[in-house]
Amino acid sequence: MNVVLDAHELACERDDRWLFDSLELHLRDGDIVRIEGANGSGKTSLLKLLTGQLVPDAGRIEWHGQPLARAREAFRRSLLFIGHEPGVAAALTAQENLAWSAAMAGVGVSAAAIDDALAGVGLTGFEDVAANQLSAGQRRRIALARLDLVPRPLWILDEPFTAIDRHGVAWLEQRVLSHGEQGGAVIMTTHHTFQANDRVDSLILGATA
Amino acid sequence: MNVVLDAHELACERDDRWLFDSLELHLRDGDIVRIEGANGSGKTSLLKLLTGQLVPDAGRIEWHGQPLARAREAFRRSLLFIGHEPGVAAALTAQENLAWSAAMAGVGVSAAAIDDALAGVGLTGFEDVAANQLSAGQRRRIALARLDLVPRPLWILDEPFTAIDRHGVAWLEQRVLSHGEQGGAVIMTTHHTFQANDRVDSLILGATA
Amino acid sequence: MAFDSFSAFLTMGGYARYVWPAWGLATLMIVGFVLWARRERRQLMQQLQRRRRREADSA
Amino acid sequence: MSSREMPVATPTRLGWAHVCLAQLRRELALARRRGGDWLNPLLFLALVVVLFPLGISPQPARLADVAPGLLWVAALLAMLLSLDALFRTDHADGTLEQMLLAPQPLPLLCLTKVVVHWLLTGVPLALCAPWLGVLLSLPAGAAPVLIGSLLLGSATLSLIGAIGAALTVGLPRGGILLSLLILPLYIPVLIFGAGAVQTALAGGSAAPAMALLGAMLALAVAGAPFAIAGALRISVNG
Amino acid sequence: MSSREMPVATPTRLGWAHVCLAQLRRELALARRRGGDWLNPLLFLALVVVLFPLGISPQPARLADVAPGLLWVAALLAMLLSLDALFRTDHADGTLEQMLLAPQPLPLLCLTKVVVHWLLTGVPLALCAPWLGVLLSLPAGAAPVLIGSLLLGSATLSLIGAIGAALTVGLPRGGILLSLLILPLYIPVLIFGAGAVQTALAGGSAAPAMALLGAMLALAVAGAPFAIAGALRISVNG
Amino acid sequence: MWTFVHKLGSPKWCHALCARLQPGFWIAAGLLLAVGAVWSLAFSPPDYQMGDSYRIIYVHVPAAILAQSVFVGMALASAVFLIWKIKVADMAATVMAPFGAAMTFLGLFTGSLWGVPTWGTWWTWDARLTAMLIQLFLYIGVIALRGAYGRDDQGAKAVAVLTLVGVVNIPIIKYSVVWWNTLHQPATFTLTERPAMPASMWVPLLIMVLGFYSFFIALTLYRLRNEIMRRESRTRWVQALAD
């Protein structure tokens, strides 16, 4: 088992409003969970809790049975996170951005591996273009190239389909499903409807809101 | 006729690459045009040309038969533009943001009108919350409230469905269609597929790229 | 001729420390700008040729 | 609704005065929301005024000598630092784009922004400088000229500085580049501002220097809003 | 692929040295991409040095008197201004979030960033200060102590300043707030730094002041990276 | 006039024009500088007060004059660029800036070298000197702004605005600095009052000044061609030049 992430009785409060409480989430190898909910229902907040960036107002989060704060290093070695802002430096080229990302993940990769990953997201020919010369969607694709470049069992993705065109969406859906098939686990927020919806579990936030 | 916008032989070049050339676009009352294309195909650049923010490398743009640069004030009095970044100040409340937007558009509105517009986009109860306390989608909804608040014949919207949840998307589609029915015109970029696709014209960029 | 000998010319009436660096920098700048501009031209031409070759390849 | 009813006729069409008022209200609301931010330039001024005696020498006679120049330089740096943020958030969140596409005269909107900046930065600096002068043993008699020259001068500084802020707003590290672009343009203001205080201290008449400061302000008010608007147009169109 | 083959074992697992190297390479690439940006603090220093004679008095004797303090204060302000941008773009584009979630020791990554900042700001400032001293009629003999004290001191300034930059990175108008948080902490460095030069000029030994500067630097190297990392954690989680 | 302005808008035409004008200026620069240098260093008589140290004047004055002319030239080019949207004008401004900065620096450098034997100091806060120093900063600001934007159109316009604001400011600085100095202390040194020069001194000076101008024009034409080719590198006519 690579992924054993459990949230018990999780609650989150923002500005005197309970976004959710008694939330249970159990993630194992092969699970693909999609978090749904209206705008402002707390999807991003939940992801921040699960990655340890926010501290829960109630409940606990465990990685392989250990509290997240204790298992921090092991957890991070298994995690690939892409947030609303994907961590792509505007002044650096696609190649440089990914080299740094891989190093941060603690993974040594060759330049050829980076070029392959960029080719995978349709950025061949843009390897040496600074990100600020790219369109909104191309910039997000640089971040998505990490999915191929940095092998991690657990993916946590906040609105990964933002600004991606139709082909890109199909590719990304496929990539998420194949990650699940290879024994990885994915949690993501999205307003987008999956083609292969039956492979994907839904967690719906703020049904009342 | 409220909207008479014509682009002839339009061309755009970025970094020694022709994104498109000889593009023709003729927009009249009731038209709804959706600009499609892969990431980096030049959708945002086209909108910037059409609003006069970029100057075309070739071709011309005319508003009621006059060059855009000459008819600037009249054009702007007819235009409602929402870009990638929607112009919502993070430190201001929804109410304050909209009051300012309306004044910039040269429209006098009452506080009640603003509350109504906010209710229309599902932000009742958030009128006095600063935008930086809101989620990504809620912030974009503030910008969308302008569609109701500032009556303009021509809407130019860059990825208006970004970060909007499912209900919001349905509402916005409806709103766009009804604007067309009332004799307005809409140009927007989006990767999203419309329900009522037959009412919407598509302009596809960079079919080869 | 304002100087009696070549060494007098070099000494500049005792002001060699000031006159020669001033003229030296001026010369350096003029020569430097010429060389810089020519190097710029050479690199540009190489770039253009490379691009031509690349486009010939792809075509 | 039929196609005829499309409301091009807006509910009420606002005049320029109203638009300016709305802009003013927005800027003030932002300032209020940022809380004690308007205090920052004052505190910066105070800290620089404290640093100098520490770095130089705490003898009152020597300090009094340099006090007018020091206060003026410190106030100028405080203005400069506060300018960097003038358009930055507006640019990032798309507000500037909306301003550029609004059917309103952009120079007027810019002028309004600058006026608010001056009210919240230049005026408090001018009013507080004499108190800090006390720390530097500046004679109390110099206070009126100090206040007057700073009031006139800081308005010019705001206007000129806003041009630089507009030019650098799209760049990642605007801050220090801004200083570089703007400081040479600030020099005449500094010379006559500090000069006015020094002549007043020496018993002369500050009137000529003040008149020159006024003339520079007039020039800046007439020209800067257009330069700012032009610079913003350049910076935003990406 | 079967579920067993899920590659948790990464291609090669990097040691800390490699990670630091990657961070270093990134920062240098960014600096290169920004072109002449590293010159800006130098030019700012030069401009402030020019402002003072203009504001105060152009007499050489008086200028030489205040020169060490002036150069030190100007260098300190230049460091301060350049610090504002240290984490700003990294925060805006999500890079900081990625750093926080990386399985690498954050203090080490922060230290690397600060070292690059010092190399590109503090070192050039130290090396150029004596040349600007000429403009202020500073005797040439003071140059070695001036360079030495600025080298040691600016490293401390970078480290302390980075704490402030980390604390203010999430705020819209960091710049001037940062100055406030940081300037009080800079005062000891300023006192001993300018003091070293002044004693050297007066013919005394600069060694004790330099030793103190060294001690402050040691303290800062030991403590600041942890403070920076903590501050970043606070600023980013939002 | 209008056809000329219109033609200026064509980079290809400008490129050809530069090529045509260039040789004359290179030859003039070479001759004038060579004759001027030999004459002024070896043949003109020593000054009765300053001795041979005055030979610095032959680089100092041309540099100081060029420093100002180049900025004016840049401002004119910027105005043309902003008003008529002629890109070649911006390219010319780009190309001039480094030379102007270099001349300003040369003026400062030679001036302060000359200051040691005549005034006994490297630097003094005299009006002219101060104005010149500030002008150097203006040049650097223009170059830095262009660098910060990189080579694109947006940067070009930003730089043009800054150049125009800067040139308005130069006379203001000049006068303010002059008045500032007289506010505090009597003018320490006057540069303008000097014994009337004999022709054997001022003729070589004039030759040097003309030589510097010719060199500046020749260099600008040469580098302008580079710049035109770089920015138009994807057009067919530039591609055709490559072989």
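Going by the order they are written in, the chains are A, B, C, D, E and F; count residues from 1 in each one.
Here is the rule we go by: a contact is a pair of C-beta atoms (placed from the backbone, for glycine too) under 8 Å apart; a residue touches a chain by one contact, two chains touch by 3 or more.
Remember, predicted model here, so these are calculated numbers, not experimental data.
Common neighbours of subunit C and subunit E, by the contact definition above: F. Taking the definition of touch as given, a chain qualifies here only if it contacts subunit C and subunit D alike; those chains are F. Minimum number of contact steps separating subunit A from subunit E: 1. The chain with its C-alpha centre at the largest distance from the centre of subunit E is B. At the subunit D-subunit E interface, residue numbers used by both copies make up over half of all numbers present, so the two copies contact each other through mostly the same positions.
Distance between subunit D and subunit E, defined via averaged C-alpha coordinates, is recorded as 27 Å.
Subunit E has its Cα centroid 44 Å from the Cα centroid of subunit B.
Remark: subunit E and subunit F have CA centroids separated by 36 Å (rounded to whole angstrom).
Multi-chain contact residues, meaning those touching two or more other chains, occur in subunit F at positions 134, 137, 140, 144, 148, 180, 184, 233. In subunit B, the residues touching two or more other chains are 84, 90-91.
Counting partner chains per residue, subunit D has residues 34, 89, 92, 172-173, 177, 180, 183-184, 187, 191, 237-238 touching two or more of them. Looking at the complex, you find that subunit D touches subunit F at residues 160, 163, 167-168, 170-171, 173, 177, 180-181, 183-185, 187-188, 191-192, 195, 198-199, 212, 216, 223, 227, 230-231, 234-235, 237-238.
Contact residues of subunit B toward subunit A in the complex are 14-15, 37-44, 84, 122, 129, 133-138, 140-141, 159, 162-169, 191. Residues of subunit A touching subunit E in their complex: 2, 29-30, 48, 51, 53-54, 73, 76-79, 81, 83-92, 96, 99-109, 113, 130, 150-153, 181-184. Remark: subunit F residues 121-126, 130, 133-134, 137, 140, 143-144, 147-148, 150, 180-181, 184-185 touch subunit E in the complex.
Against subunit B, the residues of subunit D that register as touching in their complex are 1-8, 10-14, 18-19, 21-23, 25-26, 29-30, 33-34, 89-90, 92-95, 97-104, 236-238.
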